[in-house]
Structures are given as C-alpha cells and as structure tokens.
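Right after this note come the structures.
In the two complexes below, chain A is the common chain; its partner is chain B in one and chain C in the other.
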Partner chain A sequence: MARTRRGALTAATTALLLLTTACGGATTDGTDGDTVTVGMLHSLSGTMAISEVTVRDSVQLAIDEINADGGVLGHQIEPVIEDGASDEATFAERAEKLLQSDDAVTVFGGWTSASRKAMLPVFERNNGLLWYPVQYEGLEASDNIVYTGATTNQQIIPALDYLREQGHTSLYLVGSDYVFPRTANQIINAYAQAHDMEITAEEYTPLGHTEYSTITNDIARTEPDAVFNTLNGDSNVSFFQQLRSAGVTPDDTPVLSVSIAEEEVEGIGADNIAGHLTAWNYYQSTQTDANTGFVEAFTDTYGADRVTSDPMQSAYNAVYLWKAAVEEADSFEVDDVRAALDGITIDAPEGTITLDGDTQHVIKTARIGQINDDGLIDEIWTSPEPITPDPYLTGYDWAADLTG
Partner chain B sequence: MDALITQLPVGLAIGAVLLLAALGLNFTFGQMGVINMAHGEFIMIGAYTAYVLHAWIGVNPAYSLIVALPVAFAVTGTLGWLLELGLIRHFYGRPLDTLLLTFGIGMILQQAARDTFGAPNVDVPAPPWLTEGITLGDIRIHYARLFILTLALTAVAAIAYYLNRSRQGRQMRAVIHNRDLAAVTGINTRRVDATTFFIGSGLAGIAGVALTLTGPTGPTLGTNYIVDAFLVVVIGGLGQLRGTVIAAFALGMLNATVEAWTDASLAKLIAFTAIVALLQARPQGLFTVKTRALT
Partner chain C sequence: MTTTAPALLTRLRGPLTFLALIAAALLLLPLLLEPFRLNLFAQYLCYAIVALGISLAWGRGGMLTLGHGVFFGLGAYAMGMHLTLASTAADPLNTTGLPQFMVWSGLTELPWFWKPFTHPATAIAAAVLVPGAAAALLGWSVFRQRVRGAYFAILNQALAAAFVIFLIGQQHLTGGTNGLTNFPVFAGHSLYSPTAQTTLYTITVLTLAAIYLLFRHVNNSRYGKLLIAIRDAEDRVRYLGYNPTWAKTLAYALSAMAAGIGGALFVPIMGIISPSLIGVIPSIMMVLAVAIGGRYSLAGAATGAVLINAAETTFAETFASGWIYLQGALFVLVIALAPHGLAGLTRQAATALTRPRTRTTPPAPQDTTTGSPA
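Showing the complex of A and B:
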C-alpha cells in the first residue's frame, strides 16, 4: 500500500515538473526564439588563465563571425561564459550548470587533461557535447567529446619520425611531472625501442619548477642528439634561459617542444629559444587563405601585438565544425549533431580538415616548425598527407604493450 | 663526490635565489612578525619594474637590469610602506587577520598585473653579458647565477652593516628585542616599524629584478617563490640574518645534490621531509634571538 502511494506521488511530481517545463516558454534544446545558447568554459583565473584566455578569445571571435553572417540555422549564438578557475572540481560543477540550468546545446571548453577528465562524466551523464581544443595524450574516446586538437599519432609520432629522418638517434626526455608528459614518454620509449633509438635520460620536474641548472648542465655534458621537451607552462622559460647559459645551442642539440606555441615564445624570449623546434598542426605562419583571414580578423579584434597558436586555431575550428554539423543535421539536438559529425569538412586555417566519426577526432596534417628570431615559427616539415586520428595507437605494432 | 663538486655551483645558485626571495621576509616576517602573503607579489612587481624600464621607457637592455635594481627597491619599498601605513598597522597582534588581509592584497596585485600587462609572461631580456657561461673542468658556471649570488651576498653584507653599525638599524634591533623598553628609551617605534617594512618590501623588489634572469615574468611569479621564502626564514630562525643565509644555502645544496642522484620531483620531496624533521627537533629554527622580554 505504502509503496503504491509513493509511486503515485513520484508520478504526480514528474507530471507536474514536465508541465512546468512545457509552460516555461523555452524549449529543452536550448533554443529560444531566434537565439541558441552555447557554453564557453575555460579558466579565466588561476594558473591556467594565461593559456585559456587566448582560447576563449578565438572561440568568441568565431561566434561573432558566425553571428554577423546570420547565425546557425537562423539562430544567433548566445554564449554563456563560465570560469573553470584552473580547478578540476570547478570545471565539473560549471559544466553541470551549463548543461542543466543554461540548457547549452553544446560547450566549448577545457585545456588541461585533468579538466577534461573531470568534465567527461558530467557530459556523459547529461548527454552533452564538449568540444575540446588542445593536443592531448590520447587513449580516450567519448561519445560526448569532440577532440579538435591532435592526438599522439598526429603530433608526437610525426615529431619522432622527423627527428629520425634528421639522423637524431639519441634523445634526452624532459617533462613536467603529470599525466601528459608521462604518457607521451611511454610512447616515445616504445617508439625508440622499435626504431633503434637511444633514450639517454628521462627527467621529470614538478609543475612550476624554475631550477633547471642540473638538467641543462647534464644535457651539455652528455650531448644527446636532441631533447624531447614536454614541460608545461612557466617552467619552459626557466628551462630555455638556463639551457642557453649552459652553452647548449640549437645547432648542437635541438630541443623539440610539444607545448610551446607562438603565445609562449613571447614570454620565453625569442633570443633564448630561436632555432629550436616545435611540433604542432598549425602555425601563425601557415600558408592558407583561411589562415590569412583568421590572423587578420584576430589581430583586428584583439590588437596587432596578439599572436595566433595551434590551440587557439583548434578552438576556432571547433565552432565552425559544430556549425557545419548542426546544419548537416538540421537540428541542435546532441544525438542528431553527433550522427552528422562523420565526414564534416571545413577549410580551416590549418588547411582542409575532416571530422572522423568513429573517434570524434579531426583528420589533420602534422607540422614541425622552427622558432625564428622574431618569435614566430617557420614551418620546416609537413607530414606527406593528413593523418587519421588513432587515439589508442591500434595501428602501430610497437605500441601494443602501452598501458593506458 | 664528483656529483657533489659539479652540483656545488647549482646548489649555490638555487640557494642564492632562495636567499634573495627570503631576505625581505626576514625583515617583515622575521623581525616584525607580520605574515605578509603579498610579499610574493612585491617580488612580481619588482620583476615588472625591470620590464617597464626596458619595454616602455626603452632603457638599453645592456644595463636596464642594473638601473632596475634601485628603481624596483624604491617602488616596492614605497608600496610596502603604504601598505603598512594604511592597513597592516591596524592589524598588529592579529596574525590571522593580517594573513587573510595580505593574501587578499596579493590577489588584487596579481589581477592588477594581469590587467596591465596581460596574462601571458613577458620577456625581460637579460643583458648580453649575462646570457652565457663558462666551463671549468666538470663545472659549468652560469654568469646569470654568478650575478644573482653576488647580488644576494652584497645585500646580506649591506643589511648586516645596517643592522649592526647604523643608528636606525640598532634601533630596529632594540625594538625586536623588547618593544616597550625601546619605546621607553625614546625610540619612535612607529617610525621603526615603517622603516622595517619599507626595507623588507624593497628587498622583494630587488629579488624580483634578479629573478627575471632565471625564470618567467608573469602575474603569478610571486607564488613560485613565496612558500620557499617562508620556509627559509622559519628554518633559519625568525629575524636571524645568519640563519636565513645558512638555511637558504643548505636548502639549495640539498635540492641540487639529491636531484643529481634522483630527479627534481623527488629532490623536492626529500627536502620537505628534511624540513619537517628539522622543525620537529628545533621548532624555533636554527638560531634564536636571546631575549629576556616576556613575550
């Protein structure tokens, strides 16, 4: 008896809830009249703000451009901007708010892997769609995330191919002590073993570390062919300053970095890093018509002294990819948009890119760049063709034993 | 043994950075007992002073760093003086409130820097004569580190002279030993407090200028050094210049030698363990002020 009464009560409450929602005017798909709500979730404060604010700027630029051009399916995009505050728990909580209270049809956000991993269950639980713009360590694929940055086989492996082509067979690994460098170095070790390369050292330092004399002196003494650098953030400034005063030049020992883009070069000082290498999929100097337009629009909006970088470009692409998928699906519903993802192609600043529906990653070209005296990066090598994303490295025999 | 010799200059270099960051705290925290969480931001402001001189005013980078030292001392010293005059003075004897107050001020200064100079790090070019180094046998000496070491030791000598020989310095020591007795003998303790804060904050500015040589210059620069600086002052013994110097170099050497055997993450961990053990055995730090005051 008691149980049936409670059951009836639940049913009544549910019915009431449904009724109130229906009467609320706004529909549940986040569109309201002629606007559509999307979320923007980046760290606008805390240690990561330095990087994530630039990504926020380029997402905003894309939204403004699309709105000026008539919006998406006749709806103007209305972004709700939230601050992840460089804190994983805040990212999860803000994501929940965007999906539940703001009815955002999709969210552009995240930078660190920690923030992405924190948001993932929230997006899966609410069946939301997150567009994540940064290269990352792979070994992940969620139906509720679209990865517009590179996975490992689009950045790290091409970088290793390049170093090997150049005859660099001994590598010195230096990285910050967290998930991305550790995973990247696992892959590098496996690659080295399979290709007869030698890893002379594998050094980790805490995030924010500023004392690199021990490591730079060690590099000067052991003279490896090249250094593979997965340091993150501020530490790079100290590392390159101290590498220079240790007497290591890019001619003797080039350092290939995977987390240094145009934005970071400014703070490191072009003098300290000129001649060293980077691995990305886009540079400000990349020669495409779309890039000329992107750089021009960006500097017009935010100032001539601003630079554009790979993560910024990937975030910018995300908005256009989402627009194309929505138009293909003719719907803002997450399930419809997801079904339309496969094969969506746009002319991005990095060239023509295509979404791969299986992995929800982007098929893109890998590029090695060399930092020049002006602080920009010159492209010196390009992968022969766009690389299909393979986040679990299933297509590489030597990677079979890698633990996730 | 080899590792010890090659790591000697590295340890001295790390120690010199710690010492510079901690010297100012030795005054405000060590001598006056004020927990100034904004000290790190004063270091940051010192670094930006060097940037402004070079990038906005256009001082030649060959000597802009040298010019920046006294300018940064004056700028952050004045800021510290104003802070003491306007706020901290009203919170004496309430350490917890002071901590929260200065923490808040630190956040305000960080955000102000972010709004003024932008979130990304800025480039403060080192003078060309400081970017290289010299190799002697197994030892690599970085000129920038040599400069920081010289600067830190010069600062220590100047402070020692000031505290022991000058009238003001001796008054300062009298106030630390026994504030009431000092006041009775006619020392204007208010003015001494203000001077102490001025010098302590000014030293943070000098540290900031020097740190542009080895690390990033950004709004959060201060947070990289503030914890270590407090540690050095606590280990050395509050207000003990000798203790601060020894603690800074001991910590630097410990970090450098352990890192040579293991790695940087583990070195940090072992250093912290050693500090915890030391503070268990000697909670008052290496040195203490001998005083008969009832505190």
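Showing the complex of A and C:
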C-alpha cells in the first residue's frame, strides 16, 4: 500500500506541476506601458551552450546599459530568455513562441548555421526580426534577419588574401562536417583555382571528434604552407594538442582558424596554440575607445577572468544597432525598423560600423590576429578599409559557379 | 460474464472514454489553445504515434528498439523531400529548379532518388512503405539469426548513429546538418495559414486514433497473444512449432511504419527535419517516453509521449537555464517509483481503490490490453 500511495503522490505532484506551469504563460503586448519585450534565444544547454552563453551575457549587458540610460523610445527593454538547447527544431519552436505568445518586437539569437536556417522560415512567416551575431557561410538573404557577424567576403576571403600575400600557396583544409566548413571550403577551392594556389587535402571530421593523429601526421608529412582550419567546438582542443605532438610548429606551418576566438583559446590552452593565426573582425585587444569601455563593462559585470570575443561583440552591437534603428524609425514595428536600417552607424568596439540596407549585413573591417602566450590575440593585419558585405560573392568572378 | 447493466457499462467505458477524448481533442482544444500551442500539441501527437509503434514492438513483442529515430526519420525525410521540391518549384527567384543546398553543393541536376518525390502521393506512400520495408529487411535478417535482447538494442542504436552520419556526410543529397526546412506550400496550399495548421492537427488526431485502434486490434488478436508468448519465452514458442521470426518481423515492421507516419506528419507541422531530430538521443527519448507512459499499454505509451514532450516545453519555458535537470529528475522519479510507467500506476491505483486491503501488491500486468485508456 505504502508503495502505491507514494507512486500516486508522485504522479499527482507531476500532474500539478505540469498544469500550473502550463497555465503560467500569460501573454504580454510587445510594447506594454513602459516596457518593450524582446526575445533572447541562445543554447543554454547542450553542446553549444559553452559558446552561446557568452553571447547571451553580452546581449544582456547591452540591454542593461540601455535600460540604465533610459531605454529605447522611453521604454525599458524586457528580455524574454529562451533556451535553444543546441537543437535546430527547438530554436524554431522557441522562436515561434517568442513571436506569437510573447509578442517580442525583435529577437537576438542563434549561433550555428543550422539554428539560423531553422529559424528563418519562422521569422519570415511571422514577419519578425532576428539579429544573428555570428560569422557565417553567406549565400543567404532574408528581409527578416540582420546579420551582425561577418559574411565570407569579410572573413574568409581577406584571410586567403593575407595567406597569399605571405607567400603561402599550398593549403591543407581541415573542418568539422557541417554546412559552414563545407561551404567555406568550396569558396577556398574556387579562390585557390583562380589564384594558382594548391589545395593539398580537404578533410572533414564529425562534430565532437577527438582523434586527429592521422590528420596531424599527414600535415607533418606533407608540409603544406598553411592549414586552413574550420573545425568547430572542442575538436580544436584535440587537434591543436595532437598537431603540437606531431612536431608541427607555427613557424613551419601556421594554422589559420576562423572559429577560434579568445573564449576557445582558453579551452585549447595558450601553449598549444600560441603563434597560430585567426581571422575575425574584432579582438579583445582591438584599440578603440568603445572597446576599452566594452571590455571594462563586461569584466566588471561578469568577472575579471572573462574574455570578450568577436561573436560576443557582434551580439552586443546588435542591440545598439536595433536601438538606433528603432529611434530612427520612431517605431518598434518590424517594417518601420527594417526601412530605417540602411546607413545606421554606431561606434562599436570593433570600430565604426554601418548597416548595409540591401543585404542587412554590417560593413566592417577584417582583421588577422596571432595568438600570443597570454591567450589573447594580437592584430597583425587589418583590411585597409571597412569591407562592404557581399553574401552571394557577386563581386568576385571566380565565385560565379558557387552561387548558381 | 453476465450482461447486467453495470457490466455493460463497464464494457462500454473504454470505447466511450476513447470517443470522448477524440471529441475533446478535435472540438475543444482548437478553441482553448492559441495556434502556437495547438501546433505544439500536434507535434506531441506525432510522437504519440511513434510511441504506439514502440509499445507494439517493445511492450508486446519484447524487442527493445533503441533506433526508432531512423524510421521516424525515413518518414520525415520522405515528406521533407517532397515539401522541399514543392517549395523550390513555387519560388519565383529560384531559376535552377534545385533546392538551394544542392546549388551550393555544386549539383546541376536533381539526384535520381529525389525525382519520385515531386508527387505528394509518392512521398506519402514512401513515408509508410520505406520504413516498413527497411524494418522488415533488418528484422528478418537478425531475428532469423536469433539476435535479441541487448544485442538487438545495440544494433538498432548503431543503425541510428550510422543513419545520422550518412545524412550529415551526404550534404549535397540530404541537406547535411541543417536538414530540410522552409516549406511554405503543400499540394498548392499554403502551410502557414491558420486553416492549414488546424487541418494538419485534425489529420494527426485522426491518424493517431486509427493507429491506436489498429494496434489494439492486433494486440487482441491471436497474433497478439503469440507476440506475448514470444516475448516471455521465445524458445518455448519455437518448441511448440511456431516460427517466431516472421511474427517478430511483422510487429517490428508495423512499428516502423507507425514511426514513419509520425515522422511524415511531424515535418509539415514542425517545419523542419534534421539529423539531430532522429539520432541516438532522440531515439532513446522516444523509448523513454514509452517507458514512462507504460510500455504494456498503448494508451499509456501515447500519453507518455505527450506528457514527456509537454513537460519538456513547460520546464524549458519556465526555467530556461536549468530545465534539463528537472526533466532528468522526472525520468528518474517515474522509472524508480513506477517501473510499469504511468499506466501501471493508474492500474495500481484502480486496484487499490476497488479492492482495498485484499492485496498488498498489485498484480503483474500479464495482459494489459483490456484496460481503459489512461
């Protein structure tokens, strides 16, 4: 009997819990009284959480700063935080909830390409506005997404230009097996063909892969001029450790990575990766007044041991760009905000950035960095001027076959 | 059994509850729930369809299938491929006639196995038949070798892992990690309109009800009894002159077809199918839902799937950063305290209420098909 009663009690408790929480989701109007609701949709659980939580932190920082400064059009920003759980379908489902149930006027979110692709139809059919903060593979344009990270001609192509300037003409490609590395490598192959460079190998491993000795030994044996690395996540830890064990040094064969920022260097260990290269648009060490303020505010809020990275900075900028567009439009309506996007300029940590209304991408400067012994990244090359985004690479003859 | 009035009422209690549930689902819920919630509920029902299949294969036939995501995925991808082609054809900006990911991957022509999916009828047929055929082939070849228990479970799991690796690796054919998404039209109708969503929901409820009745019939038939015998003592059944191979293969194939149907309905409702929805972990979640609901009872399994998914949504909305622990705690609690799931729990409670103090332990669920839907 005791056993039965205890079981029934559990069921009753569970049912009650389900009921009470299911009824708890009251809807609020997008601009209710003194507040305006925005969505924050990042993976707070699952494999991507380690990266996406840092982005959520910087969006929250921007929102807190703006609220302390009087809000947007007199409204305090009230974020509704949802967990994308490192799962595309969850991103789509939560995005739908933010737009339909919470009436969020805009949403800051996403990291992986898969999550963005999953959210895109949701934002299009609900006419929402998503601010996507991470560099990505390009070949996309949606009226309902603003891309504040780099597209390929603001990161990958400048990186290739840099390698070519340095006389590196044979490249070894290694990447995680998903859409960004595969698309990036197609661009690299087309670029190499047009510029007389040689691609010695193109290797893919599943996300989360940790056994790289075959690839690192192959690199040691074939001695390419440089390695172009599109590995994502914790695979980088194994890759760089095993590369070092194979005796490959940055002086012989530099590895240029496009998915390793300050946050990831910590995990890999500065001694394993020091001397290798990265391509981004922002580093914690970038010298601007806005960056000094950003780094200070971030470490004050979250602790002196925290670092700032390109995606975090792009996410932080997104909130300020949105605020500026709302104020320009004098409205929170998506159509009005979209119409006001073109030419919005802010002094961001990465320097002065401008929104390009045609592509809804940001005009930004490309920067090549070298990882130093302290785990920070020093700028060693900067594009002469901010680069206009060209997600479909229409301005590059050699890329004609890629875009169809 | 005498046909007195109370006895008749007892006999009718099951069918009446069943009809009342369907009526409530079809008439009441669309009025009570906002469109977004109704759409979520329709997703849960798709998983409930999968759960019915797992209950048949595992609860009835004793085949612990830890790879049902594969069959769910085959059905889902069949539908997803059709929807992708339909959307591509409807897109005025796309001049190539190929899905965008194929263009980026350098394909110039539609792969041969995509071509039949231009027609919705082929896609719907494939969503049922391909999983059924795949399961029949796999089942027949392993059951013949008397592979069962943990070995069968591991084989299933490996199949799920391999299927995901294939989908991710063949990006130019499958859409890779991104999967297939962005489906505005089906057979000339917009999928985004509120009517379309309500229609899909209605179809899902009716499909779930039909499959429930079918599997209930299977369970109550002589074949259903044979499955129990095989589950509890396969060797003895063999000595008695039956061949368990075909019986198990049939149950496994039926189960896979249910999963395929669930997957095919899931895609237009959810708007996306990707490898992460059908791999090892989702496959385990599908089995876990059945374990929690009660694997010996079809109604219990379906209820388990709805409750687990509803709980996930609720926890995730309420505690954005800690929900996953709550979900884990719920699993541990239910499995530890109610090994026969919620359906077993209701049965225990019913026994305790009707016959207080005559039994200290509930009867083992030898045959649970006669119970009313939980």
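For the reader, a short list of remarks on this structure follows.
Keep this in mind: the second predicted complex is superposed on the first by the 373 of 404 C-alpha atoms of A that agree within 3 Å, B and C clash if a C-alpha of one lies under 4 Å from a C-alpha of the other, contacts with A are read in each partner's own complex, and residues count from 1 in each chain.
What we mean here is this: contacts are C-beta pairs under 8 Å (C-beta built on N, C-alpha and C of every residue); 3 or more make two chains touch, one makes a residue touch a chain.
Because the structure is a prediction, the values reported are computed rather than measured.
In the superposition on chain A, A:Arg182 makes contact with chain C only, while chain B stays out of contact range. In the superposition on chain A, no contact is made by A:Thr292 with either chain B or chain C.
When both complexes are overlaid on chain A, the residue A:Asn127 reaches neither chain B nor chain C. In the superposed model, A:Val237 lies in contact with chain B only, and not with chain C.
Legend: residue contacts after superposition of the two complexes on their common chain; A:Thr345 is shown touching neither chain B nor chain C. By the touch criterion defined above, A:Thr35 reaches neither chain B nor chain C. Counting the residues of chain A touched by each of chain B and chain C gives the higher count for C.
When the shared chain is aligned, chain B comes close enough to touch A:Glu266, but chain C does not.
In the superposed model, A:Pro206 lies in contact with both chain B and chain C.
In the superposition on chain A, contact of A:Thr214 is made with chain B only, not with chain C. Comparing the two interfaces of chain A, the one with chain B and the one with chain C have residues 177, 204, 206 in common.
Within the complex formed with chain C, the residues of chain A that make contact are 1, 4, 6-8, 10-11, 14, 18, 21-22, 24-25, 27, 44-45, 81-83, 85, 87-90, 92-94, 96-97, 100-101, 112-114, 117-118, 120-122, 124-125, 139, 177-179, 182-183, 186, 204, 206-207, 401-404.
Taken together, the chain B residues at the contact with chain A in this complex read 6-7, 9-10, 13-14, 17, 114, 119-126, 130-133, 135, 138, 140, 142-145, 213-218, 220, 224, 255-256, 259-260, 263-265, 268. Interface residues of chain C, counted against chain A in their complex, comprise 34-37, 39-40, 43, 96, 98, 100-101, 103-106, 165, 168-169, 171, 176-179, 181-184, 192, 270-272, 274, 276-277, 307, 310-311, 313-318, 320-321, 323-324, 330, 333-334, 337-338, 342, 345, 348-349, 352, 357, 360, 362.
Those residues of chain A that touch chain B in the complex are listed here as 47, 49-50, 53-54, 177, 203-206, 208-211, 213-215, 217, 220-221, 234, 237-238, 241-242, 244-247, 263-264, 266-272.
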